[in-house]
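To keep things simple, chains are lettered A, B, C and D as they appear, and every chain counts its residues starting from 1.
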């Protein structure tokens, strides 16, 4: 186990994937952006120069290209950069790639990996702060990964690039610099297996991506008050590990869902609905959602901060719940 | 390709072409019949009138090549040699259809014959073909990815993006434009299918990106079309990059409305040699533009096939089609529970 | 009140809007399709020929054009025909139009009306059977209407075309032929007001669009068994009338949500989550969702039918709930 | 527009142009300074090096016209006359910014001056401008909708769709391409901003759709650029339909990386007349291509402005900019609760 940043682990995963599978190639070679992490990609460019294509700004064509190439056995990693640029290729991403297997009666697969940075990245303003995962979750046939730790980002990526199905893989600009232990070499973190990031008996906090970090911070604060929160990270939305989530709520009896999508039909809606439906009898109090409100994200820091879920909001909600 | 300097066709090519075109036509006539008998649910689009260009391209391809089509793809699929019974079964939504009744008319697919799943979203299939070209190029194999699409796809921006990328990476993609716009009736005139662009000469689009173009004009001889299609495919296969091949046809007036109508009845080969005169509303089209009748005339004039050979071939095709349709009619519907299959591999 | 079809009421609303407001214009003039209802539009073409533009197949450009024109005071009705063609203009629809008002600090509005037919229309296969409303609901700043009756479709359309905000207006191919009473002339059905389509005391069934018809059929069957279901139609998702929904659940104590979107993050998820959060104490049993499963819609009738919510499934769920 | 037969400029035009260009430049130099002092959060893109073409177009517009820009829009907004203090305030995210700190650098907007909200999604703003043109055409007024966009937008398919529709409907849209591609460093060379298309002559795109084109080349005189821009705007305003105006510039090397660097220091007008020599890494660009210095040389040579007049104007502009920046620095941040405002009207 080496300590490394989330960005470095992602790049490591990409490197391992390229080194171990001829069929893997990259379209748009800067998955960790053009900022401080850019140089991490140098060794990938050095060793796999001919397997990276930096394409024109043509997200729709590139999205379709990925699905088409995957139908012929390729394993393209399609970097859409800011994930909301996926909206430009939305039809290909939600209405082509995920339908290939079903429409072809199981004869074809389109295991493309779409990639992008989601979320409120800090002064990105309304158009660059979005999180497409809730919308994507309503597209049957598409796998969705939301790694929250350096170890997960590498392992889930390697799993995605070997899976037989199309995947949308989402990272978060504010996760890129966080550090954690990461195993060397090839390993896979399977999709559909939630992880209990922190055990606790009093309340279950379900969160994904950056919100896992927020939830863990909140849990630290709560622990000082004698409240033990369990933080559960589904890690992937499709497939979705209902069992681990329900088991946690069964133990704690209380549910808080923290999510960075807008409220209505956001990821928290689905998680809350699932638990309400299948874990109703476990719930000792109403489930609580802490999400971005249904407001476009403004540019300026104080009004941006106001809208984003943070540890203080989670702590306050849990306190209220346990009152 | 209006030059007349093409090498003369050989008999086996003529035989293949005649059979392919007859299969396309008889399949579609039967499809219309089945639809009118309410055996085909949902939307469908007939390939009638476009047989010449499509057949020429299909004839130039090898078994290793990849193909994609769009919503108007029956002709391409049966012309590629897909089982007629399973093709009809697909249109009827039967369990033994090409995709088990999952795709239906607009998503015909036959991977065994290189036919990848087709998108019915205008422009999308062109981007999927770009990916097929990307895969072929990476594999280093000398294959071609062909995508058939209609003129309306040239109104979608993605098509321009694809051409740029295909040209940039020299990908082996053959863009086969089914331009059935000649004589089509536009939406605002009460029709449906006419393209709606200030651009009238479609080859100017690939030219913009330096993509080689080949035109198979509606009036060209089949010999010339075959030569043009071969030139296009060979250029692409040799690794020179993409080609844009315009397959022009005179719009079959029966499909001017959303629901096709065969106002002049099924094709009668006798009309090719004056044994009978076309009657009815679309008689003019039949007389002057029907590509199957034109094929018959051309082959007879060139001594490539006789009337009797053509009639015999047609009878054989008609029987196969009839038999395939009956197979489809007799086939079972899919089990309801199978709906849940194949979401994930 | 005249008896007329849903399609005729929609066209009537469009006609009234054009006749009463110079700024209204139509982009793509066949909102009721090219089938049997097409001729209904003849009188609109006759009288407002110069206010209808049948554009090229360029959904992205058209979607942006609608938002841009609306910024200058126009009231464009942008018909995307099959609503999933909106995916081709998704970026403009979810990331341009709805952000205009907020990003401009309230100085501008972009009150465009996007229109399309959603849902499983019968043998449309995977790509043409989608329902974008769940995805759209996660786009703050966008109004969403899902009229389920002839009267509503006309009134809501007239409201949308006078509203100061952008709207996505969704109809359903299987609703076009249903008949109902419709008031003549200009009237508006306000957004954000749910309607109780059928009163009942035993269970609340919340449904939108075609699923309201399905729910009403189920309620008829249940009534014969002595079960009185209340059928509530939110009519618009944004704004969303939580109050009426919660009041109904307070009365009945039981909730079934019927929805044609795929399950995960579908419209039913948000409705269920909202009631679970805010109406937890009213619920005597777990909320139940009846939706399309997360499967692409296949072409053939028996496998399509298998996946679509219908009255029998609703009846069965209610019986199970009341057992 | 490389012909030299343009009418000579009059003094008042020269005065306006000089002031506009100096405002653009001094504003951006100060922006970089504020950013380096960590007063500007988030991303921003400088307009340095593009002042000539942009100013020429802005000068040709009337107060009733509509404008849209893209992510690189500071120059357009301050060049249009928006309040400098409120412009800086916007970049700093202050409550009295042009949009109250909601939009920031990439969504500058000033409806009072016809500036509609700008999309930072490549191609989107072009489609919004199509809508502005649609609205103007419907209103029957003799206005123009101008949209500024970069060369990368020509890689997005929507741009092609928009041109087709604008041409079809003869909409009064002026497509102002900010082609800053000369000398730009591409992504694969470690840079960021170079366009990535097989198409090198961008005017071929509008030509494809029959859209009139006007080129303002980097080397053209300002007089020629002004004449070209007026021709474009007048054509559009007269109802002839859209115009595509290429504003070419030599890439300012300071912006080759994502975060701009001013390796040669702020501009010194003395360099226009040899009083001082440019030093540092970008000296070559400053000497040969800096549009503001070129403007100064041209106006002096033509007797339109003297050195002293230029220096005095520059001092005035610098003071205004300084004062505006201080205003922004001193301005309050928005109240957190105001985040919820203006979701719906």
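Keep this in mind: contacts are C-beta pairs under 8 Å (C-beta built on N, C-alpha and C of every residue); 3 or more make two chains touch, one makes a residue touch a chain.
It should be emphasised that the depicted structure is a prediction, and the values quoted were computed from it without experimental measurement.
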Winner on C-beta contact pairs when B-C is weighed against C-D: C-D
Furthest chain, CA centroid comparison against subunit D: B
Chain centre separation in whole Å, for subunit C relative to subunit B (CA means): 37
Chain centre separation in whole Å, for subunit C relative to subunit A (CA means): 30
Chain centre separation (subunit C, subunit D; CA means) in Å: 42
Cα-centroid distance, subunit B relative to subunit D, in whole angstrom: 49
Subunit A, residues touching no fewer than two other chains: 55-56, 58, 60-61, 85, 87-88, 91, 95-96, 99, 102-103, 125-127, 140-141, 293-296, 298
Junction residues of subunit B - those touching two or more other chains: 100, 102-103, 107, 119, 121, 123, 155-158, 161, 164, 168, 196-197, 343
Of all residues in subunit D, those that touch subunit C in their complex: 66, 68, 98-100, 102-103, 107, 109, 111, 116-117, 119, 121, 123-124, 126-136, 138-139, 157-158, 161-162, 164-165, 168-169, 341-345
Subunit A-touching residues of subunit C, taken from the complex the two chains share: 60, 84-85, 87-88, 90-91, 94-96, 98-99, 102-103, 125-127, 130, 134-135, 137-141, 237-238, 240, 261-262, 264-270, 272-274, 276-278, 280-281, 283, 285-289, 293-296, 298
Sites on subunit A touched by subunit B in the complex: 25, 53, 55-56, 58, 60-74, 76, 91-92, 95-96, 99-109, 111, 140-141, 143, 164-165, 239
Residue ranges of subunit D in contact with subunit A within the complex: 41-43, 93-94, 97, 100-107, 119-123, 152-153, 155-157, 186-188, 192, 195-197, 258, 333-340, 343
Subunit D partner contacts - residues on subunit A that touch it in the complex: 29-30, 34-35, 54-61, 85, 87-88, 122-128, 293-296, 298-307
